[in-house]
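Scrolling down, you'll hit the structures one after another.
Note that chain A is present in both complexes that follow, paired respectively with chain B and with chain C.
After this line comes the complex of A and B, so read on.
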């Protein structure tokens, strides 16, 4: 039954309806691009005009426009400049070269994924403990919330220094910062999820004389899965932010954060924008992957989607 | 935890303290306990308090707390002996472990206490996290000084507190730069424009359907990355930090306000229409009040984001002040006590900011079910 119910709207799928539904998004995005090009022209124009004036060349308006679109060090790079830089820096160099953006993306991505895994597991364990121990709920939960009021990123340099002194360098300290940032949404979401079963359901488990572990495995855990994936989606982005920021104060040689930092030191605007777009793409892909896993899990658990 | 297990635990803690007397305090030649009469008396008193705490009445919670406090005081006093600080041995660590056990049990007792009236319950729920925090600082202090951890790696909380007290003018300057100038300005601009755009988008459905998916998308992006661009555009001073903060705050506010404005149902809107309310009146009297919980949600999210954004932006260039600037400089100079002092400042500022927003929320949305008793 559920299958045919799902198939029904698919059968009626029409391209025109799809376009009509998404027209507002396309319009807004198109307007954004227009604004972007306009901004690129307006912000870069003084610089180009100065260059023409210095060389005492007479210039037409179209030459001015062309100049703003191809400035070497633009204030605002035009979208196509960013796209070209992105393409060049990914396909223009061998994969393991430090000039290749994909290499930097990989460095950051690996720290993100490791940190995300540590943070998610830690968050889940913490939530399970908090749900089962009253003292811990009372004493720890307020501090977990306070820990996020602290700008954790400020601790990043310390963590790197401390781990560096013990002899641990590279990926792991960055992952710890990611984990520190991303355990919070998971812990909070999972506390909510694990306590989401109704008292009626918990009573039913008691009438079956289920022990705490059984209640956890058969009732609380399955009930918390939607909460888990909602929190994971939030925390994967935070984990990426953590990995990028961890690269900033430590003078890391590789990674998207290092790319941003060197771009800002040497005035390579286009490089910064390309690195940003790259980070956005990574974030989108990670979220899409978690979404896909969430859908698969929901189907596996028998959700009517 | 069963009462029986708790009682056994308290006896173990008491016995641990007494056994520790027989073990060496330090790996160096340090004077034994017998020559420190005051501390000896205090420690035996702590052991006695733990033993009394095993008694199953509400009063015994007090004994548990007193025992913990006495034990903490004794162990911290012992560290003043240079032969113990850095060279602490079995006897000392057994004492700390026994006190730790006593503290866990005492706080469990405290959490299980039934409170009859509102004030006692409030006191109990406030005191548990506070005691937990204080004890955590105690453990940190004892570990760092007992093992003699280098201050370059991890300064003791007392030296951080000392440094904080000594460098109040610097901290005040950094606070003004990062928090008052960058964060508050950016927060106000970002939340304000996010709110206004949301109200406009709510009025025009086309805009709303275009902006909402975009806002959701951007909320999921690592927005702090724009910091170097903003520093390039607006210079090194607070304006560029405020710009980063504003952009970071804009999208959560937009998305949440739009969601909040849509909360009022058709029933309520019909009622407003039957009153002959104009669109502006409906907005002011129905939609906005209904959206307040969502708006405050965004304000709370943004209060944490804002501080992070400002500090990160300072890593990309600042005038010679600001929390982020000071942290990166002091890390390079290996004076970690100053770094921790800055972090403490940022933490207190962040918590106070969040707390004020939460209080305002309580005042404005007191009608919301989550505040009902």
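After this line comes the complex of A and C, so read on.
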């Protein structure tokens, strides 16, 4: 769908055609908003009704609806409440203020990116080792799988405390928790990718008596690139989740996790939802960036599109 | 090797030819889940320098396996094999042969020129010579002008020609070709066969060629090795003495038909059981 849009000459571009092509996307978004508003009404109606009853006020249905859309502490905030909260908390304070959501987002994003980089590199190295030393696959893989079965909420405080004891605080321990979560899909995907060349392509290397490093650089690595990007897309979101989770159990002062935590302490549901939406936007942007790099790389490597 | 001299093949033929391949008592048994499979049984074969030798036989007769043994892609369980006077492994490590597979097996992320230069990169040729050789051999297989294309932009026949240029790029004395034109239609195939003959005649290389087409084998070869399956073995070795610069017209001559008949009867005798 998007491909054909790109292929069209600029002169043929018509707004109606663009809308037609993207109609499914708009439809889905519209349905989501309708469901969200409906949920906000249904979930908040009891507390609004109770409030009216407590004050012994007669109310109409439209007053009830208005009440559910403007509740101070809604069970489910309405979309426009979240939007207003997002706007206020990003543009209402200076950027370095701890009340600014963008500041918290930056704290989490930097831990995410560093953790993602560490995890991706570690995952790739692990995959290269596993592919070249078959014995490692049997001896190492069970431990790798075990590592992913331990709940991260249990591990995270331990890592923070251990690093804190040796004087390392702030970004790095959070990144380690991110990396701990996100190396796994990269390692699994890259083992698959590095073993993806055809037997004939490997035989060719053998007929040229290429050494293992050459086979890796000139065959296994380029063959694994599509697998790499697929894994990176999965692991970048996991990395963000890891950074947020790392902020939860440790009483972090800054970050989206800290924002979620303080929101739940003070019953600020709108603030929680705004932080969640913010995290979702960050994840979407990160994935879109990886997608863009993947497309550029694919074009450079002769992909047919 | 002096491939640029057109008379190289003729000069070589005048001398007593040393052996390029010398297989004695070669047997190979694969151990599969369904039990042992005797892919090759007691194969004896001598290929002289400058020969064009075809292996012909039904599928499963071990012709590809025999070629893979020559290339040191498989190790025989019994017997010895010498390539250019040394063990097959040593010949492989010295990069003394170029292998052309059934599929072109070009690396899809490399352009045609970078595919042809790949073995040269691996063998450590300097960049200038890589480029010069790439251009020379792409011209030889009539692919000049396609340097910057990616493999998927070329037809199957052109891809296979690129893979031949790749195998020739480091100028090995021995070419191992495993049904290189098997996937192509007959018109393209005839054309490529003629080109291959010219190339063999000009460069004086030794060619080992796997096929299951009788006319192809007779047209190309100086020696036809007829094989039969279960276990894979040689049942006849037929000399085929047409001039080196033969053309497709020889296929109508009585000599051609006579050799083709001998190949066919050899193949039939290998099939003494019903199938």
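Assume the second predicted complex is superposed on the first by the 274 of 305 C-alpha atoms of A that agree within 3 Å, B and C clash if a C-alpha of one lies under 4 Å from a C-alpha of the other, contacts with A are read in each partner's own complex, and residues count from 1 in each chain.
The working rule: a residue touches a chain if its C-beta (ideal position, glycine included) is under 8 Å from a C-beta of that chain, and two chains touch if they have at least 3 such contacts.
Please read all numbers here as calculations on a predicted model, not as lab measurements.
Contacts of A:97 after superposition: neither chain B nor chain C is touched.
Judged by the touch definition given at the top, the superposed model places A:279 against chain B, while chain C stays out of reach. Contacts of A:253 after superposition: neither chain B nor chain C is touched. Counting residues of chain A touched by each partner, chain B versus chain C, the larger count belongs to B. Contacts of A:138 after superposition on the shared chain: chain B is touched, whereas chain C is not. Overlap of the chain B and chain C interfaces on chain A: none, as no residue is touched by both.
Chain A makes touch with chain C in their complex at residues 198, 200-201, 203-210, 214, 218-219, 222-223, 225, 301-302, 304.
Of all the residues in chain A, the ones that touch chain B in their complex are 24-29, 75, 134-135, 138-143, 146, 148-155, 157-158, 161-162, 165, 233, 237, 240-241, 244-245, 248-249, 256, 260-261, 263-264, 267, 269, 272-273, 275-276, 279-280, 283-284, 287. Against chain A, the residues of chain C that register as touching in their complex are 71, 73, 92-95, 97-99, 101, 103, 105, 107-111, 118-119, 121-123, 150-152, 170. Listing the residues of chain B that touch chain A in their complex gives 104, 107-108, 110-112, 125, 128-129, 131-133, 136, 152-154, 206-211, 213-214, 217, 220-222, 224-229, 231-233, 304, 307-308, 311-312, 315-317, 323-324, 327-328, 331, 334, 336, 339-340, 342-343, 346-347, 350-351, 353-354.
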